[in-house]
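First the structure, then my questions, so here it is.
Labels run A, B, C and D following the written order; every chain starts at residue 1.
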């Protein structure tokens, strides 16, 4: 059986590009297939990347990548009606940056070209089948036979579905809705803010975000799909109120949406099959513990590892041993961090987190800052009793969470 | 002469094979350029300028039907991924000339230098680029090279050394004829550019890209680029067709437009 | 700013519909979560209980695909579709 | 010395008016006897011949017309004179030994300001200003160039879109080739010229190509531009941006044309045409 290339990478986002770059650096012939006209044209992120894994792949990325602002201010806001609790933590380290994916991914695709990756844009994968000891990828530009596919086709993982190893269910996903608004942040040039907003989405499980870019801000929210099924609130109507509640004025530049994997360590889909490795969103890699939301660094990390494993498999001349990818992932930050976030992941699945606690926190603070002699705990207790909850379950939830 | 053959052995003439040089430009995708806060955001993905793709397609068709060569020349942004697109479409080789800002005259000078040394039968360009939109490059290269030019060709036919073209000179259409070598600029109507297959994309990586530098001293310097906006009223008329038509007619009479 | 204006900010290249809805299933679907979940307002209920898909609005997020409890929405990615400038 | 040329009489006038405003000796090249320059070469406008005539005058500024042929000639003259080149200029100022010009770029989204060293070659479109008559020395000059014209076809039912006062323009949203007749009826009712976007002229053949408005077609500036079912791609907007009043009829409020029109009528294009015709005739 003769093949057209060593590896086909399906999807030209951060995960796929990282896989392609690391495989090409190892001397493999790599073809990357991207559906969009350019990398990033189909991607949306809330907008913050933790750069550690990008720096491993491209050591001077800080100087060259189109990063927007370093995140030096972390703001957390809990809302209950018109009451809000806000705190901001300021720091100087530059380990995360706001980004716009259409710019970042496009840049990384040029890095990939320079590393010898062949990128094919406007290329839609329409099917995949096992054949002659490899996988035949069907596209609008003809078929392509390879011994190894790295699947980086995003959250809905079409390639895995074509090969029959994956089904999608609503509880695995959140839908993210976003606007980019032209407004120059009132911050020094080398500072940026990330904001998490809790308790805004009409009883939906989810939260809001805000990231400051150089000349704009990215705002939006993410909500669990099953929660929308339940509450039947139109996601298309929430963004206007959200923008107003943030007090942001400026020309809206773009309106976008994306599905986000929400699976947790135990819920991860199969990450490999013979001749197939799955990276990034397609592999359900996301960490969200209520404070930190990470996806891009996991995509880059898993992609980089997949590229290296690809080289090893070629050396072994056995492309079925993709289990090596799983074990290397387990030894890396990718799986360690996803595993560590498992607890808070479960905590976030608790509906009380979205429905009850914001109210409790606001009630407690309301009484703290009001004239009167009612003691704090008593207020909280009353409030909780009303909700049919004991202090112990509150404590337990919070412990799970931290 | 011998020196020429040594430098460009692929351009040795065979019986029928026509050698075609095609110029194409890497430009910001104008459909992605946005105006925000009164400024143009030009930091957008690049592409092969629209009608240059038609020129590439035509060059490849001529090469395929006559068994010659098609060589691409690009000046300015030498983005590798975009150049590979031209190669995937069937261009055999690309000369990528990088330069700082240059005007169309500078670009023509750089290309004419290449063309003279390659001495092809035909040089093709798109009728205009989507950035500068001067439609000037083809005529200028022809002038520098000292051959005839046919602009705005919507079809061309080759018969030995005679080229016949249909020129779309709105509203007039002219059928013209001249002898090769010549320069032709083509309109979007001439063909539909092909979509390369994955295998062609693979093959493109083996094709040569020669890079060069060109020092330009432009006669026209670009001082500023600002959004070109015509403020419109943007009044929306909605409802039953009879009613909105009535409202529109009243409004147009008031404006003195009817 | 209304939804259509917001969508109009984006660059689309629209061809054939890439969404197929099995409307017979929609008739018996009470809640129609596709309408709520789609951030682009792509799905619109008709008086007879069926759904019309305004595919040209689609932001290609895939939410409707996973939200339909009955698998009534068949979805392939459009060949061109949306191109984000910021993302 | 300034040289003015155009194959189009009206365009020659606007170029000559600009030349006169600069107060220098002017030579002209035209197809017919027009008395707006100190001397005038009258020729049947073979491109090779015109390039020769213009270049031999050693001008400091060449002002060409804006037709496709004019622009072809102008670019060649610029190459021959090694002169700065800027076609389709909308504004020109003389600043010492330089010219500062403005022109549209990036398919109509950008206005660029350029400084041209002398000599310079520009082209300008038709305008409202008319030049004053002068004592003109007329020289006939004919010749044959290297490109032979085998056949010449005026566009079918040719209309000069460039100087039409009202234009009804159809796009894909008209629905079908058959439906174009409704637009024609409307055009007849209001004395307008019928035009179309690139897809319906070049790609789908609903209208002849010479009716194309846009970057690769004709740039128009009527008093009233009625865009029926035109979505408003940059390529099209570039061709109609200078229109006085723009009315768009579209089912889709979301189309880019909505941002680029004075009145947006949200309606079916065919129904709109029928209703308009009914009202205007009744």
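Quick notes on this structure:
By definition in this document, contacts are C-beta pairs under 8 Å (C-beta built on N, C-alpha and C of every residue); 3 or more make two chains touch, one makes a residue touch a chain.
Note that the structure is predicted; figures quoted are calculated from it, not measured.
Common neighbours of chain A and chain B, by the contact definition above: C. Between chain A and chain C, the least number of touch steps comes to 1.
Comparing the chain pairs B-D and B-C, the larger number of C-beta pairs in contact belongs to B-D.
Chain centres defined as mean CA positions place B nearest to the mean of all protein CA atoms. For the pair chain B and chain D, the distance between mean C-alpha positions equals 21 Å. Averaged C-alpha coordinates give centres for chain B and chain C that are 37 Å from one another.
One finds 51 Å separating the Cα centroids of chain A and chain D. Centroids of chain C and chain D (each the mean of its C-alpha atoms) stand 42 Å apart. Residue positions of chain C touching 2 or more other chains, listed in rising order: 7, 83, 85. Multi-chain contact residues of chain D, defined as those touching 2 or more other chains: 253, 258-259.
In chain A, the residues that reach two or more other chains under the touch definition are 37-38, 41, 102-103, 122, 140, 216, 253. Contact topology of the protein chains: irregular, matching none of line, ring, star or complete. All chain pairs that touch, listed by label, are A-B, A-C, B-C, B-D, C-D.
Here chain B touches chain D in the complex through residues 28, 30-31, 33, 35, 40, 51, 103-105, 108, 127-128, 130-144, 148-152, 154, 164, 168-179, 187-189, 218-228, 230, 232-238, 241-242, 244-246, 248-249, 251-252, 255, 257-258, going by the rule given at the top. For chain A in complex with chain C, the residues that touch the partner chain are 35-38, 40-45, 100-103, 105, 122, 124, 126, 140, 155-156, 158, 168-170, 172-173, 175-177, 179-180, 216, 218, 225, 228-229, 231-237, 239-240, 252-259. Touching chain C in their complex are the following residues of chain D: 252-256, 258-259. Across the complex, chain C is touched by residues 31-32, 34, 41, 44 of chain B. Note for the complex: chain D touches chain B at residues 47-48, 51, 67-69, 71-76, 78-80, 82-88, 100, 104-117, 120, 145-155, 158-161, 166, 190, 198, 202, 209-210, 212, 215-218, 223-224, 233-234, 241-242, 244-247, 253, 258-268, 271-272, 275-276, 279-280.
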